[in-house]
Amino acid sequence: MNKLKTAVADFGWPRIIIFFFVVALFVAAPLVGVRVDGALSDVLSRFGQNGILVLALVPMVQAGAGLNFGLPVGIIAGLLGGTLSMQFGLSGWAGFLGAVGISLPFAVLFGWAYGLLLNKVKGEEMTIAMYVGFSMVTFFAILWLLLPYSSPNMVWGYSGTGLRTTITLDGYWTKILNDFLAIRIGRFFVFPTGLLAFFAAATGTMWLFLRSKTGTAMTAVGSNPDFARAGGVSSDRMRLVSVVVSTVFGAVGILVYQQSYGFIQLYQAPLYMAFPAVAAILLGGASVNKASMVNVLVGTFLFQAILTMTPNVINSVLQTDMSEVIRIVISNGMIIYALTRKTKVSK
Amino acid sequence: MSGKEVAGAKAPRRIALRRVVALALVAAVYLGAGAWALISGKSHTILVDNKPVGGLEAFRLLEVSIGRQEPLELGRGERDKFAVQGQRHRVKIDLMNGTDPVEATIALPYDAKMVLLSLPKLVAGVEPAWEPFETGQDAPAPVADELPEELFGAAIDLAPPEAGAD
Amino acid sequence: MKTPFKLPSAARVRRFAADNVVVLIFLSVTAIAVPSSNLSASYIIQDLLTRYGRNAFLVFSLLLPIMAGMGINFGMVLGAMAGEIGLIFAVDQGIAGVQGLLYAVLVGAPIAVLLGWIAGQVLNRARGREMVTGYILGFFMDGVYQFVVLYLMGAIIPITSKAITLSRGYGIRNTLGLDSVRQSLDKLLKLELGPFDLPMATYLVIALLALFIVWFRRTKLGQDMRAIGQDQTVSHSAGIPVERTRILAIVISTLLAMVGQIIFLQNMGNMATYNAHRQTGFFAAAAILVGGASVAKATIPNVLVGVGLLHLMYIVVPPAGARLFGSAQIGEYFRDAMSYAVIALALALHAWRKRANAESARAGLRGAASGAVQPAKTEGGAE
Amino acid sequence: MPDDTPLLSLEGITKDFYGTTVLRDVTFALKRGEILGLVGENGAGKTTLMRILFGMPVIAETGGFGGTVRIDGQPVSFRNPFDALDAGIGMVHQEFSLIPGFTTTENIMLNREPSRRNVAVDLFGPRMATLDRPAMTTRATKAIERLGVELDPDMLVSEMPVGHKQFTEIAREIDRENVKLLVLDEPTAVLAESEAEILLDSLRRLAAQGISIIFISHRLHEITAVADRVVVLRDGQLVKDTSAKGVEVREIAAWMVGREVDANARVRSDRKYGGPALEVERLWVDMPGETVRDVSFSVREGEIFGIGGLAGQGKLGIPNGIMGLFAAGGTVRLHGKHVELDAPRAALDAGMAFVSEDRRGVGLLLDESLDWNIAFTAMQVKGSYLKRWLGGLFSLRDEKAMRALAEQYIEQLEIKCTGHRQKAKELSGGNQQKICLAKAFALEPNLLFVSEPTRGIDVGAKKLVLDKLRHYNRDEGTTIVMVSSELEELRAICDRVAIVDEGRIAGILPPDAPLADFGLLMAGERAAEASA
């Protein structure tokens, strides 16, 4: 009984409430005429679509650099990869993989510079990360206008220069992962095999990375920087590595997101993309300084389930669209909960 | 701890009394200011009307002003409006015929949003010279984009486009 | 306060530059953009004068939390929301003019106090990361605000005016016309000085606020906030109620932000019901940091300089962008990027400087210092 | 005013923490205007006694205390330090509790500022009163004058020399109108000698004004210079309460460290040492609270070298500096090879290992499992416990090997735990210490630093830990440098013991040297005097 109590306290009431909320949504769905299989199909594809962006948060949390509100730095690298790949006329698998390949060097470079900055500012990383992300996104908004992109599918038709706000991936790599070996069951349910396999591979890579010597050192730095230092590990270096890895996963994550969504969104679109990812990982049970693969999987699933189900179910029940309010309150409430929780630094 | 230094602890009861009085004063000022703002800030629309009414002739041409606002010129059968605040207003009508301007004070009820003030009635001294005016028309229907933009914009929603077709 | 250390002039210049690098960067960008914008001096000055009246009050609301060591109060958007709720009621009740503003303030005040108190409680639980928590708290409350204004108003909270209600019968429309109170404060005491219009009443209110801040610093509470801002542990052991004082700092800041938002909106003349507050914290933070403030220290001149510089850039950069790149859009992105970068840079510089200071403070303890424990000057001082 | 009631009397004060008695029946009294020198080793009970006097909450939280505290003959019991302050007791701490950006005046008057009321006070309460700056300056100046020192009332604390900070702090305490008793805990620790002199003068002035003073210092000559009476605590008991007149420093030192039984010290004839293993020259270490200023020594191969001294004197800084955990300078050579400072990795690579005194802060990953804790350093430094894949292209943790290692040490060191997956934070202090030892042993070092190995662990574990160290030294031939506050422990297992005082080595003694000599070295007397 006592154990249950501490387990509940550890997990946190907000998470439990949200968990039951999601269960209630699924139970209520058929009662109000929402198809569960269709909804589940949606949830699965959104799960794969967003998962890698959530996964990208893990290394920095583990290294003690906090929640990566600067995820847009990686997203920008991904956008560069995607747009350049299109510009070079690559399509299909070559296009998608090309996009990933092109984005990686940018991600490493950006992540490295961003990590150097974060190392200078231990303590207020999260606020600074947020603003680094914001300024990166807006600076790149200028570049989207100025860079000499020329592919007619991407630039504004009337002026012939400057990328469009939304670029369709149709004819390039729309849903290339989603549709790969996808299994259709009935009219409403599609299992996005390729997408989930890719996500699983990414999760596996992260898992292996955390078990490597470097990953172990990184976890130790996050758990107790003084211990790691005494063990001959440079915490600055480990934090830098974690930021780079996080940025790389952010870049890949946005490419996966876009192929599933079918569009590349530029300009202000990436501005707030870190927040739902952060909310998801926290919802999955991560704290500001500890996160695992399980947190990512559970959190992403729950969060996407809420996003998918609330508009349908709540609208049917209340006859009004409260889903926006609900998701703002839940996602930000989750972040505040994590930030105000006494970080259990056992000392 | 800091209280002692200030209060001097000499006359705690007098201090307590002072506080009560002071707080009461604040409450009074708060409520008073609110009441003042509510009453004197309440806006009304006065339609000034120069049309024949109940056997009274309209004037050929007149200049009407309310309070210190710029006067308006009204020809026969014309109507215009003043936006005013507060309930008591001085109306000044110059009939432009060499006679002295007519002045009158009207008092409106607090909840009258819009009143129709008949100038012939006012000049003739008929009380009340005004009557409530209902527009009858409702607020225009909001267009679709009147709903708030989403905070996270594109970041979260976006069910895969074809999923929406289900 | 006197400076006991006389630095050689070169070092002093370098130190000045290091302390004001944010201001200097901003100045140089603006200096380039002003001529390229091709705007007339009188246009720029008039626009600046208007923007001072519109924005300065909001920026002032950041001063006290900085003094109390809580960093930049991004939670000030809670105050902005309270002000907007006040304005909704003023418009709904048909209260016009300055009275309408007063009414909005009176309605907004208790809401702001409540929200400020909540924010203070939350921030007290998030020591060391007040800024990011305040920022997210703003997002969170945005959801609550939307719930209240979009779903409760007209349904549970009585709203009489159909003109501001959505056609479905409840919820406030996306855009709220503020014609009844539009610039009523600005017009109250308008001074025409040559080609310029000066909203003297607004300036007067801002000046009164500045006086209030000056006075407040000299009160016991102000002194306590300064103490807590520097060392919470010492303040606590001296008997200063740390948590309560921090909450008070946030409550006052929220109240001021409430008034500031009302002043801002009366100048704008209409209100984006669900968006008006979203950028409030960002603009205020950028302004005070551009003015040379840091997360730990901010003064009234910082506010005045910052509002001027930031808005000068906001005025001149889009037309400059249009002329240089053929796209005003570029200028707009550029000024946003600059403002975001300035916040990031100012925060980073502060964190970095804090570490450098901590290290130099211990410099005396390093090295195999010969002789007695302390440097020689110590001994002379005590005699 | 002839008043025979002592200002303060402590009667039969007894206190235990979770069954460990730290104070036993301590009784003494203090007269008005008297200066009492309170002396004792670390852990003798001084701090606990002062905590009881000030009603620190920690005392009540751990079950209160026995005995009576009387002020002016009336029994008192303070619920918190503010009660004690109200009753006229002031405390000056070792660490400065000053606001750096405030002036002298503002600090002296902190939270007691004289102020003027105004309308806002009625509206929003007393904190809206404006400060009366002139009155503040006047009162601060008066307090400074009472001390008989010169301080600029408008100088910022952050720009002050250390001595001024100390005086500011004292001035703050004596500004209270009702102050009767002042407790100073090592006030001279941070001061230069000339400043310390001025401080002692100030204390005499205050005593002459009728303020009683409890003066805690390890510098025994200061005690003999300023105190009217000396009270010596040892192991929680009062061993001496005597007039300071005619008392010699050496006597006090002997009272302080003297144990009834002196059986532990042993003379070892069977010890053989090789050449120099570790040579340290002019080492300085910037470790907060444990600053090392200028230390040189050399340790022989196969030796167990002890470093002792009172807390805060810098003994802990020595291993921490050599291992690169704090900024350090000087020369360190291991087996003749130069060791880079400020680089933990270099120290580890050179073959040194360190068991930190800060077990929970530095020694352990509290939130991780035991196998992680034990294997981590060896994995990072030596690349052990890794499994290589794809021809060494990348390597993963070898959880099996880690488990085997953990289990080996769990058995060998008799670590009580539920298994190698248990989290380190769930173990008792003694078992945590064994984990730290295991971590160091896993590195197979040729020189091992052990810092405070027995602090905060129970008797059984203490013995085991010390035995393990002794056997490790004997069986593996590993040179050990052991830093400890427990003099007995050092004398029991070390071949030589160095005593550190004020960041320097005061002297190196054989373990069987007379106790009083150790005491004198700790009290800041030079080696020459001690061996006399």
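Chains here go by letter, A, B, C and D, matching the order in which they are written, and residues are numbered from 1 within each.
Here, a contact is a pair of C-beta atoms (placed from the backbone, for glycine too) under 8 Å apart; a residue touches a chain by one contact, two chains touch by 3 or more.
Since the model is a prediction, treat every value here as computed from it, not as a measurement.
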Subject >> Relative to subunit C, chain with the most remote C-alpha centre >> reply: D
**OP:** Look at the interfaces A-D and C-D and say which one is made up of more C-beta pairs in contact.
**Re:** C-D
Original post:
Per the centroid of Cα atoms for each chain, what is the distance between subunit A and subunit D, given in Å?
Top reply: 48
Original post:
From the C-alpha centre of subunit A to that of subunit B, how far is it in Å?
Top reply: 52
Original post:
Taking each chain's centre as its mean C-alpha position, how far apart are subunit C and subunit D in Å?
Top reply: 45
**OP:** List the centre-to-centre spacing of subunit B and subunit C in whole Å, with centres computed as mean CA coordinates.
**Re:** 33
Original post:
Multi-chain contacts in subunit C: which residues touch at least two other chains?
Top reply: 139, 142-143, 146, 150, 220, 224, 239
Original post:
Residues of subunit A touching 2+ other chains?
Top reply: 275, 324, 328
**OP:** Going through subunit B residue by residue, note those that touch at least 2 other chains and give them in order.
**Re:** 1-2, 6, 148, 151
Subject >> Residue numbers on subunit C that touch subunit A, as the complex places them >> reply: 71, 122, 125-126, 128-129, 131-133, 135-137, 139-140, 142-144, 146-147, 150-151, 295, 325, 327, 329-330, 333-334, 336-337, 340-341, 343-344, 347-348, 351-352, 355
Original post:
Where on subunit A is subunit D touching in the complex?
Top reply: 208, 211-213, 216-217, 219-220, 223-224, 226-227, 229-234, 290, 344, 346-347
**OP:** Please give the residue numbers of subunit C that touch subunit B in the complex, ascending.
**Re:** 90, 93-100, 102-103, 106, 139, 142-143, 146, 150, 162-163, 165-167, 173-175, 180, 220, 224, 239, 273-275, 278
**OP:** Enumerate the contact residues on subunit D facing subunit B in the complex.
**Re:** 82, 111-115, 117, 119, 121-123, 125-127, 129
Subject >> In the complex with subunit C, residue positions of subunit D that touch it >> reply: 81-82, 97-103, 106, 110-111, 113, 115, 120, 126-131, 133, 149-150, 154-156, 159, 161-164, 167, 190-195, 198, 282-284, 286, 288, 291, 293-294, 327, 329-330, 502
